[in-house]
Amino acid sequence: MAAWVQKNRTTLGIGLGVLVAAYVFYYAKHDIAPSMFGAAWGYAIPLVLAALVGVIGERSGVVNIGIEGQMLLAAFAGFFGAAYSGSMIVGILAGVGTGLIAGGFLAWTTVRWRMDQIIAGVVLNIIATGITSFYLKSGEILPGVIPNVDVPLLKEIPLIGETFFSGRSAIALVAILAAVVVHLALFHTRWGLRTRAVGEYPSAADTAGINVERLRLVNVTLAGSLAGLAGLYLSMDASASFERGITAGRGFLALAIMIMGAWRPLRALVMALFFGFINAVASQLQLTGGFDVPPQLTGTLPYVATLVVLAVAAGRVRGPAAAGQPYVKKDQ
Amino acid sequence: GCGGSTGNTGGDSTDTGSAAAGAPTDDSKCADAEVFCIGLVTDTGKVDDKSFNQSAHEGAKAAAEQLQGYYKYIETQDAKDYAANMQQFTNKKYDVVVTVGFLMTDATAAAAKASPDTKFIGVDQGYDATKVTEKNITGLVFPEDQAGYGAGYLAGLMTKTNQLGQVLGLEIPPVQKYAKGFEAGAKAANPSVKVATVYHPAGDNAFNDPVWGAGQAKTQIQQGADIIFGAGGNTGNGALQEVAKSSGAGESKFCIGVDTDQWDTVPAAQPCLITSAEKLITKGVTDTITTAKDGAFEGLQTLGQAGLSDFHDFDAKIPADVKTKVADIVKQMEAGTLKTGVTL
Amino acid sequence: MSERTPEPPDVHTDPQAAVDVHLDTSQEHLASVVTNEAILELPPEQSGFGEGVVGEVLLDIEGLSKSFGSVRANRDISLSVRRGEIVALLGENGAGKSTLVNQIFGLITPDTGTVAIKGDATPIKDPRDAIARGIGMVHQHFQLVPVMTVAENMVLGHETTRGGGVLDLAAARTMVRELSAKHGLAVDPDTEVEDLPVGTQQRVEILKALSRKVDLLILDEPTAVLTPQETDELLAVMKELANSGTSIVFITHKLREVLAVADRVYVLRQGAVVGEVATKDTDAKGLATMMVGREVVLSIDKSAASPGETVLEVQDLHVVDDRGLGAVNGFSLSVRAGEIVGVAGVEGNGQRELVEALAGMRKVVSGRMALGSLDLTRANPHQTHHAGVGHVPEDREKHGLVGTYSIADNLVLNEFDQAPYAKSGVRQFDAVRENAEKLREEFDIRSSGVMQTAGSLSGGNKQKVVVAREMAFKPKLLMAAQPTRGVDVGSIEFIHRRIVEARDEGAAVLLVSAELDEILSLSDRIAVVHGGAVVAEMDAKDADRTEIGRLMAGDH
Amino acid sequence: MSETSTAAQPSPPAEPEPREPRARGGLLAYLIGHQSGVTIVVALLISLAIGWVIIWSQGVNAPYAYETLVREALFVDGSFTRTLQKTAPLVLTGLAVVLPLRVGLFNIGGQGQFATGAIFGAWVAYATGGSGFLGALLGMVVGLVCGAVVGILVGILKTWRGVHEVISTIMLNYIVAGVTFWLVVGPLQAESSKTSGIPQTEEIPEAAQLGAVGGVPIGFAIAVVLAVACWWMLSRTTLGFKFNTVGANKSAAGYAGISISMITVLSLALGAGLAGLGGALEAEGTLHRFEPAIVGTLGFDGITIALLARANPLATIPAAFLVGMLRTGAAGLQFATQTPALPSGITPEIVDVLLATILLMVSIPVLGKWLFRSRADKVSVASTSWGN
């Protein structure tokens, strides 16, 4: 424990500082702070889920730039599944299922057919854009809403409880849970050890008796369900409609979050929150008024901040070494 | 080819579409005087956008039915295709071409010059009389500020928290006019009211980002707003839906739609939607097409109507005196006795 | 040409004699370097294994063939290994050794033929299947995940869990400690593999293979990266394992090791078994001849050096490694024209960083290096090269070659923008090709043509490409780092000969090698490094193998 | 010494010959010899078949639809010129992805780089447009330079601070979108548009507008010349050798004395510069001013094109032409297929569906394998350096 603290003291120090600052802000500006934290998390939810998709994929050695497309397809399927069936459950299943199928498509083309992973992702994105706009029918509505869940006890915590554990839909809770679970799984379970090995050095995993292809196939496919949830969140939770291009580049932002988070789930969660918070700040600058900065410029704040933070602080982080490369056995 | 000139393999169709019985079934004879053809070109939007493209589309479709005409549209994909897309219609000698959106102003004026036999209706387009001298073109404009003013006035009277919010699309004139009108109306009704305003920053999805709109509405509600004006295509619709989902929707929290009566186009917003700041594009387009068929346009600029749409289920919930005051204000604006004072 | 040492017969005119000379020294080497003499000195009969012992046949290969496209990597190979037997596979680079053992381990599927383990001839599907059937393998290239700890690497694929798939790393650490104690191979379970010196990584590999129950252990060139001491450790472990009933298939290019541990040897040439012999019935000469198909000069024939003016002058050099830790700490050395200075040292004592710094690929923290009157301390690789430094890098795959490029392009890798290979920024392909044809001939690079990709060459030929390139421009200083690692005896002979020729033509040569034999036989002068600094310098004539070994180990 | 040791040596065993298809007679041999070309043709055919099914399922006669698509893009009056006009910026945004890709960098910032070049190019061409073609030229140079500046920023962030180019190019897309929009509703807005509020810059004077010569847009000619130049640079010059070496093996490039940082920055600068030039050409040749909508999806299409072209600069020309053709023909297709039974016609999104299937089919390595029962050729153009 002590060694762990020693090793991570910079991270811990910064984390503590940020937390203290957050609480100071929370109590000092109580009129706007809670809503800003709420907005930050609201913005971050789909990014967290989508970034996890990227993390799982790349940790297994498969670059996934098709997250945008996966989300779009799932948002589409979820919304129309629910609208046509009249059941939210059916919609959710359709969305998650579509995420899985899209993940399976990426997995199969890249792992089995060894298609270039970037190309496969781009294909997925274009297919999703094409199909979801080509077959879009306007004027459908959802039969219900995804219920909000309050977590007893946790919701009482000032700031944190309010932001994460009350008045949030089930998907938001799943996002937190998923980040924690994927983190623990990745670094503390057999599956995680094998997944990381496959993403770092697949031939080592292969010679240790691990079926590289199968693990990659399974991981990339299953991660699709998280992309499905992220998509569902957009069309069935955050808004109650499906629109063309509703993902609005969030799948790509998620990739940036993944890299900012150094391919670690919990760090990606934090980075998504950071990004969401700067977004909230940008909006708040407009809402509060009195600043003479045009909204087009304040709107760029999150992106500028990301670049500045990365340039100043993050430095080089190494991604999984084998990400992007199909694993070719010796005699193939 | 085996598909015939339109390539339709569906064979002989039961006409539920745009053409009424007795109307032409294709556009091969548009050049004939007795065959009336209407075309519509969107500005990189779709005709099902629940907003102005859709309204214009419906207006043109209605005109075709009423006038026994033929109607087709093209959804522009790329701003550089405006001219080519209009040309599709002028090549076939369509009688009227409706272009939707103020971004097409210049392109429409140029097309009107090039095709004097076709009449052009530019929705939301204001032409510079010193440059455009053609008679076959009219810009159909609406006093968005008046619609916004009316909505703001209603909101100013209804708010309990004295805090209103606006979730807006891109910061461009039609949107700004709504927004500034709304703020002016609200202040006129209730001087102590505060209006929080947020525009979508930028990007090609500014009118198509309901998730962002919903997030903004949520923030504004948390910061005390009890009535949200969502004006920005699907982005604004996202805000309406968010209010509709929030606790107290329809009781203590309300939303106001834009452009069309969103009671119909965004049913999900019904729990909170007290009214919409409407510009009657559908009616305006139908009327202007009818004028075009009958003869000449009234002028380079045609002024459409704007106002508040029906209160629907909230008719009973809105206090009678509020309704009277709002109706009065709307009347004054129509009569021209009340100016919104909005300038850009 | 050589009149330096009167004792050995004239190897120049009598290659046979050269082999003999080498064999003699080789016997001495055995005696001096093999520490666990007790085991090694047991004749096979007494150890209870080897010829004459009718143990169970553990591995039986019948008619195995494997082709890659038009390359017939294995042709109709039949062999068998009994329980407790150590069988060596010998052959030139590309002879098909790795291909053969990879089929035993299920990494490659045979085209025809069977591999039977303990009489079970069902085809081996994949490594998982092989492991389940009691096969363990140490691969020619490390199969360790660099960013994971030793313990994590050791348990990969057969993890102990505490229910629900949660890793039990404590158990893994314990296992590592026990295993390393049992075999006398020290490793720290919590170090990340990438932070370990290669020798220790190899130790981890071996322990990893032993961490599962193995009946048959395959070792594919495990000693290529080991120091003599480490090699001896390993050989001792192998004997011990064999004594306790494990069979071992052992691939190496070093005949000394074969003779020291193996019971029998199979020799492969161009994919086929060309001979099988018991070690007691043969010697290094015989093995080398079987391998290459001709007699090989196993020792270097060279005249005395006639050093000229000082070419390389290194003064108090300090360089840090990738992690920012001091690797070269006050290194000083000078090399004169026409002499070979060998830098001997256990790997990981700053040699890599030293060479990289001298080549301009790594920043110098302090100190000075000069080539003649030219200060190269802050030079980049481009400037260094053009100042006349040839550099045969340690890691040929990573630094020395672009695998996807043709041999021709690789042969001008650092001259591509110079005349005649380029004129005002435009490449001149005819000149590039001519150069390649010439060097291919001169350096005996065996390929289908100069447009073949370098990545598809065998190891020895890859090395020849690099050596050819770095020598072709007649450098003032030639730096060769581990120039013969993983290279078969035939190619070693060739590369050594070229290095001596370069010296004779007046180049200053800096030879860095972990291979003490190589240092001793090639150098005119020897500098022993330890901890990133020179701890001793001596004339090669006066060099004493044991003494150098002691210095290398840090005992000074 | 060399005599004795080599004299005894038998002639060296021949190393494996490179795999070459066995000679077989006739058409089959020809096809096998031109595997990749055949694979592409088959991929196109399969994609067309898939599109056929989609079109047919909408109740439209597929041959007619395809015929219309092609006719509207190529044979209708002026449409060929328009297709070429659309192709021009696509070639350049494609090259913007290709050049860094050859160095192992993934530039997804085409959108932002294009917009930067377009707005400043348009503004300069307007400001200096009085001087005619010189003004146009100046606009192009400024577009190129401004795009390059964005690329250099990405390159510097990468080499100096280790910021991954995928992050920085995504972020810069958003930043540029915001800043350019602010410019066209603020400082650079056309005087005449200030009342109507249309976000656009002043119109470029006619003298500085780029037209077409004999039906071939000047912008297209420039794009083709640049694609050829890029190809020549990559395959024939020492600079190209440096690009390829850094892309193939960074360690070896460093060893060979190539400055990796320099090449990284240069490839991004050149790529982004070409995207910026594309923006300027588009402003001068098509819209004659800057409007935010000028970018459309050109930057992202560039990725598709680069991948279709397998990072070969010459191949970006046909790839871009394909995309340009489909996009040009799409409106006519929707127009021609609208009937009372299908009021929407075949919507233009069919193009995305077709492009996706084409890219998929062209890129599936196993397609070649199924066709020729040979080893799957590795189609790896992009993924090599991700995450480093």
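For clarity, chains are labelled A, B, C and D in written order, and residue numbers in each chain start from 1.
Going forward, a contact is a pair of C-beta atoms (placed from the backbone, for glycine too) under 8 Å apart; a residue touches a chain by one contact, two chains touch by 3 or more.
What you see is a predicted model; the values in this text were computed from it and never measured.
Across the structure, the highest number of inter-chain C-beta contacts is found for A-D.
The distance from the centre of chain A to the centre of chain C, each centre being the mean of the chain's C-alpha atoms, comes to 46 Å. One simple way to say how far apart two chains are is to compare their mean CA positions; for chain C and chain D this gives 46 Å. In terms of their C-alpha centroids, the spacing between chain B and chain C amounts to 77 Å. The distance from the centre of chain B to the centre of chain D, each centre being the mean of the chain's C-alpha atoms, comes to 37 Å. Residue positions 174, 178, 181-182, 185, 347, 375 of chain D each touch two or more of the other chains.
Those residues of chain B in touch with two or more other chains are numbered 171, 201-203.
Counting only residues that touch two or more partner chains, chain C has 68.
Inter-chain contacts occur between A-B, A-C, A-D, B-D, C-D.
Interface residues of chain B, counted against chain D in their complex, comprise 1-3, 6-10, 13, 15-19, 25-26, 44, 47, 72-81, 84-85, 88, 102-103, 105-106, 126, 128, 170-173, 176, 201-204, 344.
Partner chain C is touched in their complex by these residues of chain D: 1-2, 4-5, 8-10, 12-19, 236-241, 245, 248-249, 251-259, 375.
Chain C contributes residues 66, 68, 102, 105, 107-109, 126-128, 130-132, 137, 139, 142-148, 152-153, 155-159, 161, 164-167, 208 to its touches with chain A in the complex. Per the touch definition, chain A reaches chain B in the complex via residues 31-32, 34-36, 38-39, 42-43, 46, 133, 136-139, 141-142, 145, 234, 238-241, 243-246, 248-249, 280, 282-284, 286-287, 289, 294-296, 298-300.
The touching residues of chain D, when paired with chain B in their complex, are 56, 59-61, 63-65, 67-68, 79, 82, 85-86, 174, 177-178, 181-182, 185, 192, 195-199, 282, 286-287, 291-296, 327-328, 330-332, 334-345, 347-348.
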